[in-house]
Structure formats: C-alpha cells, structure tokens
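Two complexes, one shared chain (chain A), two partners (chain B, chain C).
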Partner chain A sequence: MRKARSLLILAALASGSALAQEKVTLRFTTWAGGDALKLLQSLAADYGKRNRNVTVEVESIPFGSYDQKITVQIAGGTPPDVGWVAERSVPGYIASRSLVNLRPTVASDASLVLNDYSPASLALWTRGDALYGLPFSFSPMLVYYNRDLFEKAGIPTPATLLRQNKWNYAAFEASASAIKKASPGAYGASLFRLDPQNWAGGILAAVYSNGGDVFGQDAASCALDSAGSVRAFELAQRMMRDGTAPRLGEQVTFASGRLGMYADQVSYSAQLKDVDFKWDVAPMPSGPSGRKTLLGQAGYAVFSASKHPREAQDFIKYLSSRAVMQRTAQFFPPPRRSLLNSSTFLKNPLISEASLRDAVLKQVGSARTLIVPTNWTQVNDVVVRNLERTLRPSANVGQELGRVCNEVDAVLKK
Partner chain B sequence: MSLRSLSRAAYYAVMVVLAVPFVFPTLWMIGASFKSNQAIFAEPLGLLPSRVDWANYAQVFRDYPFAAQYLNSVYIAVIVTLATLLLGALAGYGFARLNFPGRDLMFIACLSAMMLPSEAVSIPQFALFKAAGLVNTHAPVILLQIFGGTGALAVFLLRQHFLTVPRELDEAALIDGLGRWGIFWHVMLPLARPALVAVGIFAFLNSWNDYFNPLIYLNSGERFTLPLGLQGFTDPLGGIFWNLTLAASTLATLPLLLAFLVAQRHFVESLTSSGLKG
Partner chain C sequence: MLKARTAAPPRVVKRRRGWESPWVGFAFVAPFMLGLTVLFLGPVLAVPVLSLLNWVLPDAPTWAGFSNYARLARDPEVLRSTWITALFVAGLVPLNIGLALGLALLLNVKARGVGLFRTLLFSPVVVPLVAWALVWRFVLQPDFGLVNNLLGRIGISGPNWLFEFPWALVAVIVSMVIEHVGLNMLIFLAALQGVPREVHEAAVIDGASRGQVFWKVTLPMISPTVFLTLVVTIIGALKAFAPIYVLTGGSDSASVLMVQMFKNGFKYFDFGYASGIAWVLFVVMLLLTVGQWQMRKRWVHYES
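== the complex of A and B ==
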C-alpha cells in the first residue's frame, strides 16, 4: 500500500514537471529559397537546442501562393505560429486582425532596442501604439550594371558618375543609349521586372526621385497622374521607343549579360554567382527631387490564431537579436542601424564593400516604402492591365495615367 | 505525283506547322535545362545548348529534396489511378445495372462533386481533415482525388459505358451460371477496357498535375509533390532560378512523354471509343 502511494506521488511529480516543460511545436512559414532557406532551418534548429521544450518547423511556401495558403490555414483553424509577411500584404493582415501586437514583448526586452531600428523600417508595421511585426529586411532598390557593356561603350560607369556628382536620370538615359549603340544585341537598361505584376520595382524609384507618387495622403487617392509620376513613366516610354529598353514582357534578364542596367535588391545577386561578365551595383540615379529609391521590406510576425503566442514571440525576439540578424544580413540588408554598418553585411562574397556602402547604406536614409491600401491587389490589377497601353510609343502618358487614376480612385472608394 | 499524294503532302505540311506551337515549348524546355541561368536568356530562342551540361540536374538532386518529391508524386499518382479505376468501375456498374432505392438521386449527388470548384469547398474540407489529424500527410491529397471530381468523372464515364453494353450479355452469363461478381469481373470489365484506359489517363494526369490540394495540405518540403516542388528553386527572396526549374520540369514531364510515346495508339483508341475528347 505504501509502495503504491509513493508510486502515485512519483507519477504526480513526473506529470507536474512535464506540464512545466510542455512540448511546443512552432510552425514558421517563409517563402525563402536556396541558401536563405537553409540558414533559416539551421537557426530554427539552434533555437530548439537552446529551448529544449520548443521545436520549430520551417515551412516553405511558394511566394505566389503564400497569402492564399496562410489564409486557408487561418480560416481552417491550423494557422502557422510565426511567419514572414510581405510588405504588400501587411495592411491586409493588420486590418483583418490576423497579427499579434508585439509592442508589450518588445518593449520589455532590453536587447531589442527599438531605437536601433530606423524609423522608416517600422512605419509599415505600426498602428498607433501597436507594432504588428519586426522587419528583417530593409532593402533599397539599387542599380545592377554590366561593367563589360559599359567598357565596350567607352562611357563612365555609374560609380564614376556618382563620384563626379553626375549620377542622375539624364545620365542613366544617356548611358543606356550609348550601350545600345555599342552593343546592338543588348539593351541599355530596364526599369521593369520580367513579370509586369511586379511593375513597382524600378520605376517607383524614378517616380519618387521625380517628385511623383503612387498614392496621395494615407493611400486614399491615386497620384500616378501627378507631374513627377508622369515624368518617370515618360522616361520609360522614351527608352522603350528608342529600343534602349526592352519592351514590357520581353524576356531579357540582367543575368543574360544582355542588359546594361537593371534595378533590383541585394538578394538578386544570388542569380549572378556564375555569370561570365563583370558587374557591380550603384545607387539609383537622382532626379529633380533628389535620390529617393524604393525600399523593399519583409518582416516577422506572430499570427493571432497561434496557440503558442508566447513562444512564438520569443522566437521572433531570437530571430531579431543582433547575433542572428548579423547572420541573415548576408541576404537581407538589416533594418537595425547598428548592423547595417557591420562587417558581416559589408563583407558580401559577390559585392565589394565600397559598392555596398554607396548602393545600400547611403541610400536607405532617403529611401521610401510603398505603403499600400488593404485592397492593393485590385489597385495593382488596374495598373497592370493599363501598363502596356500607357507605355505604347504613341501614347500620351499623362492622359493614360489620368485614366488609370480614375479607375484606381473608384477602387479605393469601395 | 498524283493528286492524291499531293494532297497528302499538303496535309502533312499543315499538320507539321500546326504542331510547332505544341512541340516547340517542350523542346525549348529540354534544351534550356542543359544551359546556365545566363545562357538561357542570352539566346532566348536557341533550342540547342552549346554543350550538354548535367550540372543543373545534379544540383536539383543535391541541394533540394527533389528525389523525395518525385517519389511522392509517383506513388500518390499510382494509388489514385488504381483506386479511381476500382471504385469507378464498381460504382459505375452499380449505377448502370443494379436497382436500388435512391439510385438516381445518389447518382446526381455523385455528379455534383464534379461540378463544384475545389476552391469553393476547400475551407470546410480543410476543417474536416484537420479534425481527423491528417493535415501535412498525403491522405487528403489522395482522398480528394479519388472521392472528388476525378472519382466522380470516373463513375460517370464508366456508368455511361456499361449502359451501352447490351443487357442480353448479362443474361447469357447469368444462364451460364455466373453470379453478379462473376459477370462484373469476367464479362463487363474486359469489355470496358477502352473506358478504363481513358479514366486511368485522366486520374493519373489529374493527380500528377494537382497543385491546389498539395499547396493547402502539405507543409514540409520532403512531403511536397512535384508541382509544389517545382516552385522551390528560388533565390533568397523568391526570384526564380530558371535553369534548375527547367531541369526539374523536364524530369517531371519525361515519364508522361515516354508513356505517351509507348502507348500512343492505345490512348487515342480509348479516347475515341469512349466518346471522350481531351
């Protein structure tokens, strides 16, 4: 009898300690690919070693289907706990109350000094006093340029022009034209991505630097027909008409070696590992309103439907810590100012330190994030549908963008 | 040259021209799968690689769980095909020959599964599989094919086929001493071969190409099937490595191409005799 009782007590003790150390499995979703995915997997494993009761499973979802899958999972009651959220989706997730306010956790943690984040990097995630995510990438659009094509054309590179204070959109256009003349099989430059859905990439840097915008105050009205925006689109139209830029939908990538200049983020350099031409990066050119590039952003967030919000937030704290962000910095320029200057970020295997300083560090201060309305997908559809018409050689760009804005304004009022 | 052979030559010439839009992309994909990421876009219309380089194929298997994904696709498609054939034939026979109360109502209910778009029912289905603890397993991916639109199509096609078989055959077999099961197995199934081949092809293709269900139900890379896996060859922020994607796509297409080349006559025959045009 006594033996049985002591056994019972033992069992109770065992179950009690099991309760304190309850096993938690966190699901962490991302659209990262290649080496970045491997790094995230090893970070998740490291975290599991430090926190014996937590296992983090990294789930990779194709970028194009990311939000669809997350939405079904939230609606179906098996939401991921933590995940990447793309900048264009942030307003929608916040509006549908799908993200946890991290402010109380972050404020209580001394190692996560929010002052270290550049204010521009937090704007997208902030509503009043609440903070719905922590960015891990703070990535300005920059210019990739083909040094071989510049050499062949016998013209100064963007880096040289930058030092002479002459790196502006007029010089960009003239360089592109010279490259096209010297290498007829190539194109001078492109301000657009292969996929027109992604039109906002390069052209927005030109729009901002010309004093234009996509939206007015609070993303409540369309500003694509403002004078500055029209100037930027006219530049793109001119370059396509001259044949210095590939037309929309033409499949010319920078990695093919047939494109003199191309706007993208640092992470694109992974595509250039094995190319047989020399290339480098420079900041975007400056325009009448200065040098204002577009800032690409993505962040970590905890989904409100998570059953383990405490552990999930702790995992985000780990991912956003200095030590870890120093490791992710090899792919994503870090939003923490103290790290942007760090040796890990500046020691990139493919890009020189001097170029990174010019193209990333010196650009982020004046760079802007495109903050979109919650129905961005519909707005984007309107723009994409009209893009080809707007950029036709004979089109009156101002008029066409006016029509686009009428349609966009109607969508925004809905 | 006689008029007849002349018209024949013209016929073939037109056919060859018409085939170009279908054949060219496939040949381009195979050619490009041997090129580097740079070379693919350096000469976009070039079909032949300057040299055959297997590096893309090696990397697909070395750096990504592609082998596991390939196996998943194969075994899921085989199970789906066999199960669809078996259930489709049994149910089709039942609907065509057996009299039971509520038969026509059940048949209409079965057909309605074919009409519903899968997106419309995805959330309740997801809740169901979640309650059964089957999320992130292959069970939903398999079951939703067998008991979803593909299975309903199979039942419908086979029922229509069995209806065209004269009842006298059943009766003759009955007199010769066969039971229901014997009639189904020895008389009806052999007669249904063309329809079975057509259903088999559809079931295999639907399962092989299914993107939506694996996207919704599978979470870990090793459990992905090919359509999902093909989207994974990207740089850190999701930019596509075309050389790897095309090598993997070639590998994903080859079994279908080979199967079609080997059994071409069979396929076409079965499609025409089952009255189904693809």
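== the complex of A and C ==
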C-alpha cells in the first residue's frame, strides 16, 4: 500500500516536471503605455490561448530608461526574450550581437511576405543577408495643430495652406506668430519636445527640409553645422526669441491647449482623447529641399541571450502577421504596404481619413530615418548639453553648431 | 506564593545568561551586517578595482591599469565638471550653514508661534528630493514660471534659470538650501539650547555687547556642532545628484562630477571610467574630512 502510494507520488512529480519543461514563459518588453499597452496585453493573451504551452508576460518599461534596463539585463544574463527596439538603439544592439538573425525564420514563413514591407522600413534592420528585427511602426513626424487657436487668430489652417500649396516653413513661422499675437497666454508652435533629450523629434524634419543633416556619409562625421541644419536651428532660435515658441524648460504640452502647433507621431494622438479643444494633423511644412520629414521606426526583435529563441521568433511572426498588424495600426502606422493603404489604418477613432492620408501616407515616401552611429547616446548628450547655448537669443547659431560638431566628431572617432 | 518566589530567581538568571551570550547579539546584528556587507562594503571595495578595468557593457571587462585615470585628467568635460562642483560646494555650504545658524538664533526664543515656524522651516526636509525638484522645474520655467513672472512685474526679464550658466547653478543651490536648511537649523537649535544661560548672563554682566556674546561665547560653545554640520554638509554637497539631474537634465551649466559619473556609468555603461570618477570623488571627500579634522583643533572648543 505504502509502496503504491509513493509510486503514485513519484509519478505525479514526474508528470509535473514534464509539464514544467514544456511550459515556456516569454518575457516581452515594450515602452507602450495606456491603450497601446492594453492592446499588446490582449494580443499576448490571445497568443497564449492559441499556444497552450506558451505564456507571454508583457513588461512595460518607460522609454527614457528602456535601453538602460535592457542593457543591464543582457549583461546580467536575464534578458527579455522578445522586445521592442527603437530605431536609435538598433545599430548598438546589432554591433554588440545582442539580437537574433530572424532571416531563416522569416524566409521559411510564407505568410510574412517581406515584399509587403516597404524597403525603407527594413534597411535599418538589415546587415548583409541578416535581418535583426521586424518593424511594426513606420511613423512620420507630423504637425498637430490646435484648431481653436487658429480660429481665434483668424488665419488659415495648415490643411488649407496645404491645399493652396503654401504650407512651408515661412507659413509655419508666420502662423505661429499670429497665434501668439491673438492668444498671449499660449505659444504659436514648438519644434522641440518637453524633454531636451528628445530634441531630435521635430527639428530634424526642419533640418532635412532645409537640406541639412545630423551626420555625413555612414554617420561617420557631424553635419549639424551644414548650411541647411543651421537654417533650421536659426528658425527655432528666431521663434524662441520672438516668444512664439517656448524656450527650453518651459513645461507646456500640446495637450494643455496652450500650443498652436507641435510635431510628433500618430501615437501621440492617444494623449489627446479627452482634451477640450479641436485639433487636427497635417504634414510637416516644406522647405527649400522639399517636404522631408523624420521617420520614426520601431520593431520587434529577439534577444540573443533568450533561452527560448524558437518560441520567441514564433511570437514575433504572430505579432507581424497581417491580422495582428491591422490591430496595432491604430497606434503605429504599419510598415506593410498592403495595410498602410488599407481602410483599417485610415479608420482612426481620433483622426479623419483625409488628414491621415495627407499627414502619413503622402509623407512616408519622402520621409527619412535617422541612421545613427553605435554611440548615439554620447552624441545625443553632446547636443543636449549645448542646446541652450545654441538657441540663446544672442547666439551665433552657425558658430555654436560648429563647436557642437567639433565635439561630436571627437566622440565619433572614439 | 513563597515557593514560587524562591524558585524564580535561578530560572530568571539562567535565562538572562542565555540571552546575554554574545552570539545572540551577533544574531541580532547579522541581518544588518549582511546588508551592509553586500550592499555597501562590497561595492565600496569593488569600485577601486573596477576603476582599473576597461569595462563597457555588454562587453566583458579587460585590464586597463591606470588608463581610466589618465583619461580623467585629459577629459575636458570632467575638468569642467570639477570647476562646477567646486563652485557648487563653495556656494551651497556657506549659504546652508549661515542660513541654518541664523534661523536657529532667531527661533531660539520662547515665544508664541515659534513652534509653527520651526515646523514650517523643517517641513521641506521630509519632502522626497525628486518631487521637490519637479516642483521647482515648474517654478523656474523661463516664461510662465513663478519666479520670472514675479521678476517680470518689477520690470526684470529673468534668465532661463535651469539652463544658463551661472543661473542654473544658483537655482540648484538655492532650491537645495531651502530643502535642507531645516535639518541643520534643528541641529543648531539643539546645540544653542545646550548653552547654559548662566554663561550668557555672566558675559552680559561683564559688559559684553550682543555681538560679543555671540562671537565670543555662543559660537565657541556650539563649535563642535558647527564642525559636525560643516563636515556632513560638504560631503552631502559633493555627492548631490538626483535634484541636480532632475532639475537641469544634465545640461552643461550645472553638470557636477556626480552627473558625469552617472552619465558614464548608467547611460554609456562605461563602468571602469565611472568607477574612476567615483573613486576620485571619494578620495576628495576623505581628504577634505581629514583636513577639517586636523584643523578643528584651531577652532573647535569644548569637545567632550
């Protein structure tokens, strides 16, 4: 009797451990918050239902400390299995061999048709034949504008100017100035984010459209002191000097209703769900070199140190499938061309179809991704440290950017 | 009853002897010692070793000898930060100690409502550092901030406080002094109340003026306390980081050495180099403290 019981217990233990071996838990990291995070959580749950042996835990880490935490976890031997990777971090992760080459998996899967991805969306992730991630977001910088403030100033909106072919940086500056005049408690426009660390957001669209750049060929040298870049920073300096744009450190957001125009991506609209003013989106203005906005990109990647690379890659395949990307498209303009033009993407609960066509679809073709060197964090810090000096009312912007470039070039040579 | 009373003493003695064993004491201290060793002593001893390595995550560490220190001596950013740190300490410490002593003297009276003032002045000490800094970020906004708004009313166009040199340094110092001054004030108050009234009375009877009483009687009597607060405040100033980083976001104008250490260690993951900066800071703090300890004989009286 006793023998039989202990045998039973042994059998139960054995079957239990067998089950535990089969059961896989994937850690999936993201910097999404709010509704986007909720969507990812429900997608992870869906995946778990289809694959009984896999549980996906979604872990949200704030964007500001995302790479910091992931790097420490990789070094500590406890990396996430799957995660979002932002475009500025891709070169660093690839250089340190932290990402898995997805090409074999992707090539073997007919449903993923890489041809459907816009070629520009894959360049960042490709090294030779290897593919280190699959983008899920292909998001151009666009202009959010406060229609109430435009109405109060009695001036045409960016949408109207666009139709008249007059939506350029001169019009942007003039509109901002008119808004400030009509509403002294507000600002006309801002080309910068609240956090100076994110300076590259709006100003880069102006830099590109003025014929400037951040880096020269292969991100090997600094080009922030080129004529086009200087023109864009001079525009920002002028607007801050005239009081039409908030100076660095001013805690004013577009959602507060005190900012006429603001550059960000479609995903920012999630923060405008409950605001009590009317707003819309438009493409960035055009400059002497045309309308060339900055393209934000983010993708899914599998970390090399993951203990379950097979399951992790399978999860990425699920996330990148047409059906799932259709659901994430509400927040992230999809890199799959068949979806970008589809009705699902253009049916956004907050933005009209016409505005999305103008601000996203028509801009994507000429938009540019900022390809950065592996030590981007250091380069970024050099710019941030000097930003106030460069934009000060009395500053000689060209000279200051020249100094920034000397410092950046020294960092790039390291 | 009687039986119990006679039986009790040996049992009590026996038990107490058991509890008084040094091992019991060690057992009580062990959790703390374990924490201290793992979380404090270990890292403190590891830092000088790490500073001799070339270790940038996610790569494995390699031996670097003193090259991190050679790099420190040539790094223009670090040299600049050294100056900023010196200015920061030179600005913060006298202001903090002077203000704390002044407030303690003012509040060292028996009057109605003095308790309220003491509480008010002490209350910033209990506010979390980062919350304090976030509020100041709003107060010091360039256009719609409280400070520049008030300045604007009297016709002064204020600077962009948190970004321009030297205003960023001034802003950081003032905000930190207001946050911390209450603690030093409290320590001074306690010391002042320890000064016997008779000594003051004797001095006054001898014809000493109020100034003389302060400089020749009160200050010497509380000099051990002044010494203590001076040492602690200097160390606190040298290792101040969170409020500075939250307020200025690492902008050049207030980038002290701790900010450099944080950036190199936790943004660039250059642990070897960051450890070098940390170790230099530690040695500077040690030398300053030892130096003050030596000099105290000249001005600290009435040490027990």
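In this section, the second predicted complex is superposed on the first by the 393 of 414 C-alpha atoms of A that agree within 3 Å, B and C clash if a C-alpha of one lies under 4 Å from a C-alpha of the other, contacts with A are read in each partner's own complex, and residues count from 1 in each chain.
Basically, a residue touches a chain if its C-beta (ideal position, glycine included) is under 8 Å from a C-beta of that chain, and two chains touch if they have at least 3 such contacts.
Because the structure is a prediction, the values reported are computed rather than measured.
Superposition model on chain A: chain B and chain C are shown in a clashing arrangement.
By the touch criterion stated above, A:267 is placed in contact with chain B alone, chain C being left untouched. Judged by the touch definition given at the top, the superposed model places A:60 against chain B, while chain C stays out of reach.
A count of residues in chain A touched by chain B and by chain C gives the higher number to B.
Shared-chain residue A:78: touches chain B; no touch with chain C.
In the superposition on chain A, no contact is made by A:156 with either chain B or chain C.
Once chain A of one complex is fitted onto chain A of the other, the partner contacts of A:96 are limited to chain C, with no touch recorded for chain B.
When the two structures are aligned on the shared chain, A:211 is found in touch with neither chain B nor chain C. By the touch criterion stated above, A:248 is placed in contact with chain C alone, chain B being left untouched. Of the two partner chains placed by superposition, only chain B is touched by A:31; chain C is not. Look at A:388: by the touch rule set out above, it reaches chain C but stays clear of chain B. Comparing which residues of chain A touch chain B with which touch chain C, the overlap comprises 68, 72, 75, 251-252. Chain A contributes residues 27, 31-36, 57, 59-65, 68-69, 72-73, 75-78, 137, 251-253, 255-258, 264-265, 267-268, 270-271, 274-276, 296, 298, 331-332 to its touches with chain B in the complex. Of all the residues in chain B, the ones that touch chain A in their complex are 36-42, 44, 63, 122-123, 126-127, 130, 135, 215-216, 219-221, 228, 231-239, 241. Those residues of chain C that touch chain A in the complex are listed here as 57-59, 137-138, 140-144, 160-164, 249-253, 255, 263, 266-269. Chain A contributes residues 68, 71-72, 74-75, 96, 98, 195-197, 243, 246-252, 375, 377-378, 381, 384-389, 392 to its touches with chain C in the complex.
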